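Structures for review follow.
Shared between the two complexes below is subunit A, which pairs with subunit B and subunit C, respectively.
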Partner chain A sequence: MFSIKLGLKNLTRQKRRNSITILVIAFAFFIYLFLDSVMGGMEQLSFNNIINFETGNIQVAYPQYWEEREELPLENLIYLNQDIEESIKNIDGLLATSPELRFIANLNNGIDEIAVIGLGILPEKYNEVYTTQQYLVAGSIFSPGESKAVIGKGLAELMDLKIGDYITLLIRTKEETFNTIDLEIGGLVNTPHPMINNGIVFVPLDIAQQALNVENGVSMITIRTNKEKEITPIIDDINQNFQKKNINIKAYSWRESAETVIAYSAAQDAETAVVLTVILVIGMIGIINNVILSALERTREIGMMKALGMREWEIVLVFMIEACGVGIIGGLAGCLLGAAGVGWMVKYGYDLSYIGGDMSLYGIPILDKIYGVWNLSSFIFIFFFGIIIALFSSIAPAYWAAHKDPVKALYHR
Partner chain B sequence: MSLLELKGVKKIYQQGKIKVPALRGVDLIVEQGEFSTIFGPSGSGKTTLLNMIGCLDTPTEGEIRLNGNKVSDLSRKALAMTRRFNIGFVFQSYNLIPVLTAYENVEFAIRLIDHTSELKVKERVLKILEEVGLKGLENRRPNELSGGESQRVAIARALVKEPKLVLADEPTANLDSKNAADVVKIMVKMNKELGTTFIFSTHDPMVMEYAHRYINLKDGMISADERRG
Partner chain C sequence: MRKVKGFLLIGIIMSILFSSIIIAPALEMTAEEIINKRDDNEYIISIKAEAEMIIVSGGRKITKTMLILSDKRNALIEFTNPQDRGTKFLKRENDLWMFFPDAEEIIKISGHMLNQGMMGSDFSYQDIMESDKLTDLYDFKIIGEEEIDGHPCYVLEGVAREGVKVSYYRRVSWVDKERFIGLQEELYAQSGKLLKETKLNEAQEIEGRWIPVDSVMENKLRKDTYTGFKIVQIDFNPEIPEGTFTLQNLR
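So, the complex of A and B:
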């Protein structure tokens, strides 16, 4: 088809203008791909941090506890027995379970006091579900029964504590009476999760249970599965087992604890939509401008084409092919730039301290650095998006050009 | 049946509130194979007349028949199709497409009407380029061609689809006398060889010499029409 050939050849005309349009499109695409990668990276990192340090893949608790879990109540605790343990055993895909008791405490170092979350754990089981242990920077994790605590490095610095120092946890028992737990700092952790670093005191489960006077009660049982993505069937299995035994305990996905992040991601999606709209407008203006200027410069040529009997749609096609070419080249350049930017973000990441650090202020559990993620579908999407913008925004100006009266076009009247 | 018949053709341009009569009643019959020139002072309506004949525009009044078919009241689309299949144009300023080679500029015209084999198209384009004396220059772009060569490409482009009628509005106005003579000679040759009907307008008496029929326009009317040779 000659119109197509001519449209492609026309790409070599007005090189400077075409190049500028291509660059503008490429830059807009780059911004989109880069942002998309960083957003994706932030989301993934947040999710990983939540799963690896906060919730495991699945949490099991009484619904009444679950509803009030933010307040760390000592009501509606799970009292482990054979029935409960059997219900969450032998489930396909389940790797480990860890009982934990969460409670409100004030940490006292002899001088200052600060509100913290106490976390009673069975170290061995805890380490099977969470990765916190890998981030131990000093000392070691306690054994059951030892009067030792593990705290985050941030908290240690804040309270001026080091290994071997003693702390007192002030707590209220189930019966609302005051009690204390005296502990030696046995280990320090420095994890990528800000909450673990700054606000949690790990203590042996039995010591916490005794001090809180809850017998063998735990707040919840957290579960690690071998399938991160397909946890719904596992949750269903667990719930069925509980139902069979008439136990009113339920299993919950980690996603229910990631609502802030998910909401934040949704907000980011809205922002991405805005970015996309801006790109759309930039691309459209670039392409429309390109076609109009070309048509003006080639008025006489259009007149000649019409004199030779070229149909309007054939002339429209010439301009659309040219615009499409600009869109494709701009899109490819943008994807290449984007790949470079994303590659850099995936490899080197971005140090959050440049922008004031701690995302946990916004409820995003990320410290230090965020990394980009590869999202091939975004590249494919934006590439075709660009071509579609080019095609659609060129139709009107191309038609305007092709619809010119041949005599007026030929004689510039 | 004559190739071309004009009866009482008038063209009035509306310029704001003023009516500009560019053609004020033209009667003309052109036979197949004639080689005619239209001449006359500037503003006498030469271009306007050629545009009417070439189906680029329709008259305000009167009738134009091409091959016996009335074309003076066709739609834009039908006019375009008439031009596509029946008429070749040569313009004063060549109007070649700068990104296409001489070959491709000619190919462009034939592709509009002929979707037959690649080979046949190629043969025809090369042959017509040779006829207008451009053998060996097929791959040059317009910016690598002289004015005379460019206009010869334009003639080849007009002729490649073998139209019955070729119209040329001051085809030699941008050329020096040597090149102008060459270009007209080629038109004469093609007229003889292919029997193509040519109508061209010019101011140049030297170029006029080559024509067989002289149509003199004055104030939008034919004041003289004589055949010679």
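So, the complex of A and C:
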């Protein structure tokens, strides 16, 4: 009991030194929590962008198509029929489905040409799966059969296009023959997803199918569910339905289309581990330094306590209590600072226009703003992590202090 | 027997620009016979050539020089102008590779990349990959007679055969009645839109053949752009060392 009291009292004896150590620990913890929040926010936003603009929650396609989907082939397309539609329709948790035909095209404005991805859609169904229409900044979405296109604002600026202008899409049919689709720009979208803004041309599905000679073929069917966290059972249900009908089509999670972002997320975990290691080293050095200086200053005091009959472990406990106190206060301060920083990032975010505004250059599908996310487990983890580090870092220097010969310690100068 | 045209850019010029036709003086010949005769005339075992590609786009003019080696099925192009020196293209059967010396990397050109213009020109990579015999791909017919720059021509129209894989759905060729070379050709999309137009500026008789040595291709979907192609020197049936058309040789 005496050791605990003395340890706590020692906290207040070297206010300046302890305060500096506490500040160092608090700052290191703040950096960790802030970084963790921003990384988490980027991951969340990337995943949302992929689901809301690119893949929906689930994609349904032939496995052969799925393997080559990056090449946007016109082979192994789904030809919609009653069996296929029924296999998907009666699934629990399903909100909407959208058939899509993805194809390679060159957008031509009469002067320049640029490679783009063409996306044949049924507007009504597409809008039930994706949120793209909420980001329409000019014009409107086309109706089926209308020779109109919707493109991203970035692409429109690059190709000097505006509503009412005409474009030609140069495409290759299923037989690899060149074909053209003349379209009027009917709408412009400005979404948080760079790919939609800069590289996609939306066209009516029937127009695309006709021009590509694929009859009623679609590349895949995308699905929106109301059970976003539990899509695996839905995927299993869809696959079972297809199997029952002997149809070799499969359902795939959006995660399989987000491999780059998920890989980035894994890299981010490694990065966080590095930051954590740096924090650990900073904390350890601070605590060790603190205990050594305290022991040196109190050598005579240690000698006197040992002469009065205090045992070594009780002296070690004194220093451990003091170090633990520094860890707790530093941890609390770090968590408070972190909460302020994370709160600011969650509420106001960071405008990417300050650094160029397009994270897609780094493989992350985010444009516009990054927001932080609250991660309570990180706060709890870093707080207890700080205390444990403080405790363990203090053992060796405290033992060194407690092990001193009492006579030599008393005469220490 | 199915014949494969033997070389790359020259092949392009012959198949796209001059794909046209040796037409027998007698009008009784059918379009099929005329095309076959044209194919016989164009069949070249191997060549070695020096050529220039002049790319004009929006008032900007870039000249690229190259060496071309080609046999029946393969071709190797090496660019020799300072900006692109060391850039090479290798066509082997139906595959195309490119080597950029700066990146020191061999890239296979496939998928959507085949639609892009070769080195920024109006010739797409797909254009240079076309090596099938045209009569296997198109149904030709004679649609008239016209005069171009004082040369009387036959006008032939080729429409893609059903089920075959072909880049241009329809092509119309103007063929010189006297020299039996193509003077002009128009290439159309399936929609009927004119995509490309090629015109002959100059032809020379070399080793008994009339060879187009100066021609121009225009991308009709874009304004103010065209690509000229000039043959500076050409040797027929040169000795091509073994291993010329290999990926190892591309580096």
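Throughout what follows, the second predicted complex is superposed on the first by the 412 of 413 C-alpha atoms of A that agree within 3 Å, B and C clash if a C-alpha of one lies under 4 Å from a C-alpha of the other, contacts with A are read in each partner's own complex, and residues count from 1 in each chain.
The rule is simple: contacts are C-beta pairs under 8 Å (C-beta built on N, C-alpha and C of every residue); 3 or more make two chains touch, one makes a residue touch a chain.
Keep in mind that this is a model prediction, so the values were computed, not measured.
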Overlay on subunit A: subunit C relative to subunit B, clash or fit: fit
Partner chain in contact with A:340 - subunit B first, subunit C second, else both or neither: neither
Touched partner set for A:13, first subunit B, second subunit C, both or neither: first
Which superposed partner A:270 touches (first subunit B, second subunit C, both, neither): neither
Cα-centre angle that subunit B and subunit C span when viewed from subunit A, reported as a multiple of 10 degrees: 140
First (subunit B), second (subunit C), both or neither touched by A:4: neither
First, second, both or neither for A:406, with subunit B first and subunit C second: first
Contacts of A:180 with subunit B and subunit C, given as first, second, both or neither: second
Partner chain in contact with A:115 - subunit B first, subunit C second, else both or neither: second
Lowest inter-chain C-alpha distance for subunit C and subunit B in the superposed arrangement, angstrom: 70
Residue ranges of subunit B touching subunit A (in the complex, touch as defined): 47, 51, 54, 56-57, 77, 80-85, 87, 89, 91, 93, 95, 97-100, 104, 107-109, 111-113, 157
Residues of subunit A that touch subunit B when the two form their complex: 2, 5-6, 9-10, 12-13, 300-301, 303-304, 306-312, 406-407, 410-411
Complex contacts: residues of subunit C adjacent to subunit A: 58, 110-112, 115-116, 160, 163-169, 189-191, 193, 195, 221-224
Complex contacts: residues of subunit A adjacent to subunit C: 71-72, 104, 106, 108, 110-113, 115, 168, 170, 172-173, 175-182, 211, 213
